[in-house]
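Some structures are shown below for you to check.
Presented sequentially are two complexes of chain A, the first with chain B as partner and the second with chain C.
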Partner chain A sequence: MFEDIAPAKIGLEEWSRQFACVSDDLIRRYTYYGNNEWGIYLSPPATFMVYGARELKKLKYDNSLAALRLWGFTFNESERLFRARQNGMRVIATMGDLGTVPVIVMAFPSCIPFYPDCTWWTPFFNESTVLLDKASELGVPEASCFVRSSLAAFYKRAYFPKPEALFASTGASCDDYSALMQMVQDLGHDLTWLEIPYRRQRHEEDDPEEFCGTEQGYQYAARFDNYLANEYRRVWDKMRALTGNGDTAELKRSIRKANRLRRLVAKIKKTAGQASVAPFPALEMMVVEFGNLYGYGDIDEWTDIVEMVHNTVSERAAKGTGVLGPDAVPIAWITPTADPLLLNVAENLGARIVETEYVINQAHVEIDENIDPFLALARSFMNASLIGSTSERVRRIRDSVNQGRIKGVIISNMLGCSHCAMETRLIEEKLKDLPVLSIDVPAPMGITEQLRTRISAFMETLR
Partner chain B sequence: MQLIGYTCSYIPVELLALTGFRPYRLLHGDVDSSKRGEKFVRVDACPMVKSNLDHIFRNQNDFAALVGSTGCDMSRRMLDVAAENTRIPVLVFNNPRTDNRTIFHDEIDWLTQRLERLSRRQFNPASIQNEVTKWESMRVELRTIDERRAANPSQVSTASFHEVMTAYCQGAFDRDVSICRERADRPRVYLLGSAITYESNAILRLIEDHLRIVGDFNCGLSRALDIRIQEPTLAGIEETYYGQPPCVFKRPDRRFIDHVRDETRRLNCTGVVAWTLDYCDAYEFELRKIERTIDLPVLRIRSDFSLQGSSQLRTRIEAFVEMLCSKT
Partner chain C sequence: MKDILTPRERFGLLVIDEKPDRCNVLPLVTSHAATVKGMRLRDYYTDGEKMARAQIAALETYGHDAVSIFSEVGIIAEAMGTEFEYPENDLPIQRKPVLEKCAIDDVECPDPINDGRLPVYMEAIEYAYDALGDRVPILAYVPAPFTTGMMLSNPNKFLIQTIREPEAVGRILDKSLRAAIDLCYHIIDKGGLPLIVDPLASSSVVSPATFRRYALPYERRLVQFLHRYDLDVILHICGDTAPILELLPETRADLISIDQVSLAKTQEVLSGKMRLIGNYDTSKLAFSAAEEIAREVREMVRLGMTTKKGYIAATGCEVPVHAPIPNVMAFVNAAKESGWYWV
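Let's look at the complex of A and B:
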């Protein structure tokens, strides 16, 4: 029987050796879609390197069973989506909103949401420019977000099955992804466009009665709730037409499930951030955070995994054990990195990431369970990271600075990405009483000694 | 007179003018100011946005307010940067990217209220009618110049047309908009892409040394003339601005593509010049599709406003002309 040993970050070979202790019973216990026949996903991370994720050999992983489940489940997603299609389930692409539309999709039986957007990690995990090169061939400029790989993935039809419906959110969002979704539509997909409104801050001259606020303190014109709620009703109608089903009680149930996951992740983040020693690595924490978007298409199993992560993190925090040294310097990381290796690099150089702003704030807030579900979803989305001002976006980081919880900030940018280009200087200004390092995420296999030296020098200044 | 800066073709200039401030479209762009703008944003921001930020910052006392829209992400965020670095009041208009008339109309109502408060003026039907009439008569005059530009053979160069449109974009009604005849039998091309800035006239002249631009779909040129307000009321303004030929940012982009294709045919163009600024995602992503749809040769010019490569550009334009001539 496998038992967690002293927490550590280990490499692929060590994980493979450790995996020998995992019993067959344990392997059979964890399945996706609740299917015992073909739904097994527990395997050593090296399996996925063999499948093509070559960067895995450079990464270090948490050595817990929870982490093993986490990696097995997330790397299994492509297989899972094709399995879903083979077994008559409906695969639904949700694009651009990062966290809300899947809650609606999951309310329909046998409907599996996924984010093609998340293909942006693939060129880095695979150490391959195949998808980026194909995107360029299709007409995407090279100076644009790495999410352009998702267009190539649609074109190649090898990374996920052709979705039966696509919901594309645009509006107060980044330009390149909006343009990219248009190109996906041009490939012949039946795409439903949704409008994301801009979260305009309340001005002193505004009538307060026309405004409402989120739990996180963002204020916006109340009518935006209705716009968004109507957009979500369109998603509902489209899904109902597609499936022949549609029970709002199921939507409420889906919201409750999403909230349970969000609460768990919030607890993990809090416990991990406050622990004397980092109980879980930054890379796995990022995977946990992004799971809030859609539970990687099987929210029940993913929530179970996150529950296990929570137990592991809590136990380690209580014991004062963890995966980094006690002298690791607490920092915040702003904007997710497309190259996961950067998080490892930062930790190896002495950083401990205790606060993040991964442009998915909307997926971290609880959805009101006591009001009309569409309105509740709309209100939760109004907390989104990228639909308002930069000062709103970094408010939480600013609060952590004020509380003395972090000593520095790393911002990872992408060349040509509209919000990176426009926000970085402002963020630096907003956090100017702290050292801030702004780096560009290089193309796959592009992390150079120069970049490592920059991060290393930055960490030196923080000590 | 103080200025009210604005950034987007969907912002009704008539409403801005009702404040008593002079509407001034933020269309600055040259190498030096773009470089200076990097004080506020990263190097990979749109060069026009960088120039505009520099202009706003250096002339902040001239502006009573800035009105932006959500049309383009960098433009929207430019207003955020301006708000953080100046004391100029900033209003951001929520211009929907999808076909969503309700949001647009509600936003015009909101903008009207905010402009009334800003200027401490009440916009009444008579003042609205007066302002619409004033701007519409300016547009009528400019359309006659545009028609001469579009004539076959073309009678007015786009470089000259740009000068008169600059007066419109800067709200300078007192400027002389007369224009001299410059008949040309050069190959007729259509211009589209990023905005043509006030400082870009030299590039237009360079292009028109060999070609004649007879139509365009660029901010800073004829896009403003697509506004034809029939009913001089607030509802008429809303309807007209909403229904204008759609910007490249609108989703889906079918109507934009169709409009460009129809215009190139109507104007008997034999080629297209696509002018894009560095990091202008919207056009960079669309160019391949535009090429496919309009089925005309396209000369792509990518710019950061620098004229350092002008000799090379001249050679490319000459080669393009040779290709167009060999096809006819």
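Let's look at the complex of A and C:
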């Protein structure tokens, strides 16, 4: 039924009409954890609106079956985590590192990683201050990053089950987030902290022998390889103690799965970026990118969904069809927006997002399958977005500028997030020869006409 | 104790088989909301915004766990042509069933955006959802095909037809089902959770055999439609359901709301199969003292909470329009106080 549909972005009601044509067989075909009884997830956006995601009625979605699967699967995550625990699986919180610790967790049978930090999207999807208000009641200053909603989610125990283990990164990591995790610890959770090293470039006076580099060209002190590998071994040991298992062959298998997903996403990004018209919307592309962190807790099913996205994107690119007009202006987007609606707004105002820096570069690089797995994980993580200098972070954007692939940059700055607030100004400075618009992501329900006008005016200057 | 979760969060945990902070408390506050708001009933059921405002006022007064968009069970039949009278301070009264004017094949399925008072429901759902939808489930009551079928007809004639003209009844129910599905479809797009009500299918009205033959298959088909959306389906049958308890799982509803049947007996039959909602005697809300209500509700909740699949403390039927507000408060407060799962 979907094969002949011309690509388009459609609203929630249109999706419901389209969903009426989806057969029961198709609904039953896709399941999480391979469970046919309660693992169905192919639902239209309206289902999740009924359960409180109010922003969904404002969003526009890709009209493909791949997108339907993508949304159904990601919105189903909370239920999936509770079902996991009810069925004897272990739910493991992995926080702050964005993409590496889950690879270890997935090497243990029936262990499901998830990111409580990702609750930062919930107030926006729900158009709700419930979690933010609760975080304030619990003592988090209102001038903190929206990730503070995760503290409230821990407190409420209604968004994810109590994790059996929690791994939290600190050190060269987001400061607001680290402070919040300390408060999570105060709620009685037993956190295992990982120290994330800072990636400093080699200076002239440094001994070259003591430095090494990643395939992407990031330099760092060589001693961090072993240091970080040992941090990951601590995670491994903790998981072994928890589960009574631990086979490094499984870890290698988990790495291969992560790599397969990362390769697929890289191909999608490349194909989408080079297509004559945008074959897939920015919002769905962001969801695809973030899936690299942990496969939304079921990497096999998620990879299958991403395969379908890849096929959809490839077919559309080959036919020269897509979801935006050919005159959409190519731009880069830096820092993920907590409010998904902003990506819709930018596209509606004429933007086409062809390059992104969503602070998860570490989740996009392949992990070496031919060396010690812990060392491989450490080396892949040293490509991380947030552990180095601002110049390094925007290097890929800089390359795209130099290649003429983008005409401008939008930076979404998280109001109240001290790290983002400081770095936004630095990024503007690094890219000052290019039109740059930095916007503060407002609190839920805070996208104003003024903000739309600013984006609209910016797009006009790029045309 | 102070609530930890919002009603939305609480209901969300219940339907995925998790224990929330306390049991959900859902007195079926429908048209009674007009009394709370000090509003004439006709204003309540003819103006969507007023209906929603009354529901919000009731929620603020009682602190229960859901909004109930509803006035009476003839809403679909009315949109299909059955004529009603609208007293200023009473619920609509059926005057002339559409099937006394024409044949079922000539009756059109209604358009929920334009026909009858369905637009009132749509407006009420939308208003309530915009106001509270992030923290409170918005339940929109949908008459099941059997109940609508009877409202399309002269009820006596309809019941006789179930014996003498089963094919004719089938055609009425088929069309009623289509109308109910269309209505659900629009409710969902507005953010409401359809709650199926089939009061005229209760054993107070029809035999178990009639229920099994005519009501149940259409309830099941409506439930199946909602399950396509992966929604959790509530079925409410007021009146006596004791003779049909064992049939209720065949509807495939996820939650069953019961009225005049022993909660203990219902648990025996359904505890591991369906989540139970119920079932305080609503006449007591109208006529008993608040202290007595509180005592009985506490007993009911203690028993209800032992239901294996989960439990919602509720009234067996709609809260009477003119039930004293302190009595409804006594119900809600007693249910909340005695319904804690988290210590």
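Simple rule for what comes next: the second predicted complex is superposed on the first by the 460 of 463 C-alpha atoms of A that agree within 3 Å, B and C clash if a C-alpha of one lies under 4 Å from a C-alpha of the other, contacts with A are read in each partner's own complex, and residues count from 1 in each chain.
Note that a contact is a pair of C-beta atoms (placed from the backbone, for glycine too) under 8 Å apart; a residue touches a chain by one contact, two chains touch by 3 or more.
Everything numeric here is computed off the predicted structure, so don't read it as measured data.
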item: Which of chain B and chain C A:D190 touches, first, second, both or neither; value: neither
item: Touched partner set for A:D247, first chain B, second chain C, both or neither; value: neither
item: Dominant contact partner of chain A by residue count, chain C or chain B; value: B
item: Touched partner set for A:V140, first chain B, second chain C, both or neither; value: first
item: Which of chain B and chain C A:E369 touches, first, second, both or neither; value: neither
item: Chain B/chain C common contact set on chain A; value: none
item: Contacting residues of chain A [partner chain B, same complex]; value: 138-141, 143-144, 168, 170-176, 178-183, 185-186, 191, 193-195, 197-198, 200, 203, 205, 221, 223, 227, 389-391, 413, 415-426, 429
item: Residue ranges of chain C touching chain A (in the complex, touch as defined); value: 4-6, 8-10, 12-13, 16-18, 20, 129-130, 133-135, 185, 188-189, 191-193, 228-231
item: Residues on chain A engaged by chain C in the complex (per definition of touch); value: 12-13, 16, 19-20, 22, 24, 27, 40-41, 43-44, 46-47, 49-52, 54, 57, 78-79, 82-83, 86, 126-128, 130, 155-156, 158-159, 161
item: Partner chain A, residues of chain B touching it in the complex; value: 39-42, 44-46, 49, 70, 72-74, 76-78, 80-81, 83-84, 92, 94, 96-98, 100, 102-103, 106, 110, 114, 117, 249, 251-253, 278-279, 281-282, 284-289
